[in-house]
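Labels A, B, C and D are assigned to the chains in the order they are written; within every chain, residues are numbered from 1.
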Amino acid sequence: MKTAVFYGVEDLRIEECATPEASANKILIKIDACAICTWEQRVYTGVKKVEYPFIGGHEIAAEIVDLGSEIDQKNWKIGDKVVFGTNLACGNCEFCKSGEEQSCQDFNHSKHLEGLPHKGMGGLSEYMLVEPKHLFHYYNVTPEEAAFTEPLSCVVHSCETADIHYGDLVVVIGCGIMGQLHVALSVKSGATVVACDLNEERLQLAKENGARYVINSGTQNLKDEVARISHGLGANVVFDTTPIASVVEDSVSIVGNTGRVILYSSFYPDEPVGFSPDQLHKGSYSIRGTANSNSRDFIRASKMISERTIDMRPFISEVVTFDDVEKGFKSAIKGDKYRVVVKF
Amino acid sequence: MKTAVFYGVEDLRIEECATPEASANKILIKIDACAICTWEQRVYTGVKKVEYPFIGGHEIAAEIVDLGSEIDQKNWKIGDKVVFGTNLACGNCEFCKSGEEQSCQDFNHSKHLEGLPHKGMGGLSEYMLVEPKHLFHYYNVTPEEAAFTEPLSCVVHSCETADIHYGDLVVVIGCGIMGQLHVALSVKSGATVVACDLNEERLQLAKENGARYVINSGTQNLKDEVARISHGLGANVVFDTTPIASVVEDSVSIVGNTGRVILYSSFYPDEPVGFSPDQLHKGSYSIRGTANSNSRDFIRASKMISERTIDMRPFISEVVTFDDVEKGFKSAIKGDKYRVVVKF
Amino acid sequence: MKTAVFYGVEDLRIEECATPEASANKILIKIDACAICTWEQRVYTGVKKVEYPFIGGHEIAAEIVDLGSEIDQKNWKIGDKVVFGTNLACGNCEFCKSGEEQSCQDFNHSKHLEGLPHKGMGGLSEYMLVEPKHLFHYYNVTPEEAAFTEPLSCVVHSCETADIHYGDLVVVIGCGIMGQLHVALSVKSGATVVACDLNEERLQLAKENGARYVINSGTQNLKDEVARISHGLGANVVFDTTPIASVVEDSVSIVGNTGRVILYSSFYPDEPVGFSPDQLHKGSYSIRGTANSNSRDFIRASKMISERTIDMRPFISEVVTFDDVEKGFKSAIKGDKYRVVVKF
Amino acid sequence: MKTAVFYGVEDLRIEECATPEASANKILIKIDACAICTWEQRVYTGVKKVEYPFIGGHEIAAEIVDLGSEIDQKNWKIGDKVVFGTNLACGNCEFCKSGEEQSCQDFNHSKHLEGLPHKGMGGLSEYMLVEPKHLFHYYNVTPEEAAFTEPLSCVVHSCETADIHYGDLVVVIGCGIMGQLHVALSVKSGATVVACDLNEERLQLAKENGARYVINSGTQNLKDEVARISHGLGANVVFDTTPIASVVEDSVSIVGNTGRVILYSSFYPDEPVGFSPDQLHKGSYSIRGTANSNSRDFIRASKMISERTIDMRPFISEVVTFDDVEKGFKSAIKGDKYRVVVKF
């Protein structure tokens, strides 16, 4: 089979390796589609450091092609359409065993997965050998849409962390694809959504995704606008989907009493953020982190995509063949697209 | 009637004023007991600034002595034993109307209450004129115990904000009375409680209140001890009950993945606190403020005190008569006691 | 002023009475719109017994026209647009004081409200005298839309009782207006919604409100269809919005493990329902009641209507003038409409 | 090794079989203690039907004695003290994958576990071959105490289903061991606990476990007593821990508005229960099933036992050696004891 391997900054090569075989409690899947996440883009550009060689790809839709002998054939059949994930967690720690794999003590993007020639998440390969606990069925939709299960599952986790109530005022800061998914899911939480970005085109898209208000923070005063829209109460929820530490302080400045500021993104660089403990105490608001997703989130995302509760098609900016994977990366890092999806 | 009025730093005078009369939708209560909170102690010593003259006292147990004509006599009877509170919130803002009076937009310690000669919370008076929405019945116990309803209600709010689960490791930093109440209520939440202070005597009391482990942060390394006790997982909940901003950073340093750091106290002075946004994101923990309490918290606290689910008697360090109120203050500010209670 | 008074079955008369005056802690509102709920329709037709004379009307949008002297003028101004509700609860019991007015121990549809000549909820009058705690601001939309705040608030309470998660399969049984509002709010909860009714026209409307699947229980087998749609798992939530006791058993028959059956409607007649305690135990599902709404629900509904998170306009079937109120009742009880709204 | 096998009603035989060997992703554990649950007692007496031969035992404390080659040696070491459970769920269905193994679609008490000669839960054997996902560490306490992790985990699940708040009035009906554990855990939830049984001795024990009130339903009127204790409000939570269907109706009769009736036990026989849907609707209370436990519950129970948050020692009525296992069963079914524990 073929797999796409990072050998250095902007050095991505397709190479041949042995196709793994199903046995015991393992299932062989053939990858149908793998979306190119910002994480892999950062590996490609060198912002994110990994040990080379490294196989990327973790937004994966696939088909079952073979079953190990111990696999329960009532649940898993050859030809089943599935998404794959949650396998970067250790599976052994208290968080994993409590169903909180997203907060695993030993989360590892660089495992050496059985059946692959190198370390890495492995989705940019034709086949993967996986355990059934990391597979989730999907229905009705295309593999390109299903490949969004992993990113949507992370947004499910984020929105549940935010504890959104009907009628809440939710501000989403940053309108890249993860911001847009936050907009779309917050709308599907009964909230009034305010999208904030510097880019008018992205704000227009946020409106199409259901944002009721948009704020261009280049030309408008964020705090004044939120005060106006909220009748002086501040936001109930602020999602910071940017990697910029100083935006955290902006986020805290617009949250209202009892509100929740959610830090969704990794920070590059991770500079310290300051806040007033007395104001946080008196306003009884909170600052909450969210990262990754767990099996329950995967199931919820997979059901929402399968039933097109949120339609993923507008988020597919470009589809490339596996042979054109590097072209896909070059296109993705331009930053003017949502997702580029590799179709196998 | 008599009321105790602050006229300046360490200048507390008992003065005569007219006793108010019940009418319309108001109830006249005779104060039975009023505990001297740290808040009033700070007014007495001048750390907390108020506009003089000012009548303190907000941890109040009383008896109904007269009913206005509009009062529902099925619910309220002369002779009923009650606690009084939640009246500092405005009652009109969205937070108040949603049952979140503790986070009122316009919380005010210095209202001029009807029936009193000066501004202030008013509990250091022989009588008060109140609305039934701010009264809550209590049963079985003494007024001195019932006077703890207000502080316990704040701890109820704090512990609910912390979302304690069975078996959680809860660290309480600071073992003054509010810390001790956090210890006691966390024990009654099914948690394993670790108490932390510099004072051995207080740590001993925390043990009596149910703490399973104690850490003397003067002689032991907080972070190492929490790592040891938690088998390397960190705390699920950290309550910071101190007014010292730098302790927030200690609190954040010991919380585990998915954990919650709760800022319970006001901060004197309110210095900025720094944290790493990337660590908060990756560890998916949170920093949450809590302050004051609402009617629901009052009801829960009142039921717990009435049934001695938590026994308040050990927290009554001294009882003084109203005539000796200043003696009570002088005793309270020594800092070696839990509560000094004024008995009327 | 004029008020519309029930004097018997199908005997509704408009009569003159004195206009009340604002004083003390009361606000005078001029009714702009009042929708005709099924409750009042049942009074009109005699299905619901009340003591005559009786003034109906509880889905109320209004404008502030005068303020009593004790009213906080920062929060309330003449000309403010408001909805009115939650005043049927006693305000004194533990449920009311805990913010659970919907479950008041002494809920009373037949209070004699101050300023009105007879008992009853009073909204079919030109003016009402009210306390600020029962008023909630609305913005942007027409009074006819705002009059839906009360019914939507009840659906908010119901959907929160159901604890809907992203991707859940929600079945709504009965597609009258309250069923349709359940469909619309469940869609805004991230659920996949299945609507069930005997009437094709109503099912078509449910689709327009966002239902992904419809089941005509006259021609299709409910249980088979739910099994098919849910891949054999059963529904996560079933809302029974009908007044028919036997439908509860249908509802229980389609709920999956850990699912929730919600009894939203009153039952006419209230016949006993049977269930297997062992199946409920083993499947760990639940049967939950919901009724009425509280202040928090009112705020959430009012915000959703004000921001058109759910657009109420399609639910306004007919608008009549106050003089034509009886014509409105005759039209409403035909049963082929959503809401008939009385415009003042 | 030896294993104890049911061959018929009151026909329990110890037999020799091959000791399994650790390999691949399996761990070999040596059983230290296994408690005799009511479930196995019902198998022994024939009330619960199983297919013979059958190996019982599912309340298990053990020690790791060998590790398969794929096992993560950082997490699992020879000599580790562990409890074993949650393996009766299928692991593949949506409930299992969402961390709700207790509500598995395909829960099976009669699996044929690898390494054992017959079907059954297997804990009455000297060794078991298990997957690490079903193992949980415990600390500090004896194996006899740790064997209570499985039953306590079920009570954890039940109490979380009940959503107990501070100060709630919780009534536990039935004071066998599972009732007593409900008493103890409700006390550790900040509730006021009322225990109800026909047996005075059991009621006395409930008091020792923290019940504030007891009701002998043989000599006292349950409904009157609950009304008196709750000041007319009814119970917030009622746990029915009996297998008697008619007790469900008693439970519903004492629950207050917004309250929760929890059906904890299996029902023998499973007779239909009737209720008024209109009362459930108007009182907005609920009837909720709970059964078994999941990994998160196991972790919580294991931590509570390890830290003696609830001390299990009073619940160990008798300890027998494995050779005396049948003596243990004969003693257990007398019904005058909590747990008889088999020590290996």
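Convention: a contact is a pair of C-beta atoms (placed from the backbone, for glycine too) under 8 Å apart; a residue touches a chain by one contact, two chains touch by 3 or more.
Since the model is a prediction, treat every value here as computed from it, not as a measurement.
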What is the chain whose Cα centroid lies farthest from the Cα centroid of chain C? D
In whole angstrom, the CA-centroid distance of chain B from chain C equals 39
When the C-alpha atoms of chain A and chain B are each averaged to a single point, how far apart are the two points in Å? 42
Flagged in chain B as touching 2+ other chains are 93-94, 299
Based on which chains touch which, is the overall arrangement a line, ring, star, complete graph, or other? complete
For the complex, which residues does chain D have touching chain C? 93-95, 100, 102-105, 107, 161, 232-233, 245, 248, 257-258, 263-267, 270-291
Touching residues on chain C, where the partner in the complex is chain A: 137, 139, 156, 159-160, 165-169, 185, 187-192, 212, 231, 299-304, 307, 309
Chain A residues touching chain D in their complex are 24-25, 72, 75-76, 90-94, 97-99, 132-133, 136, 294-296, 298-299
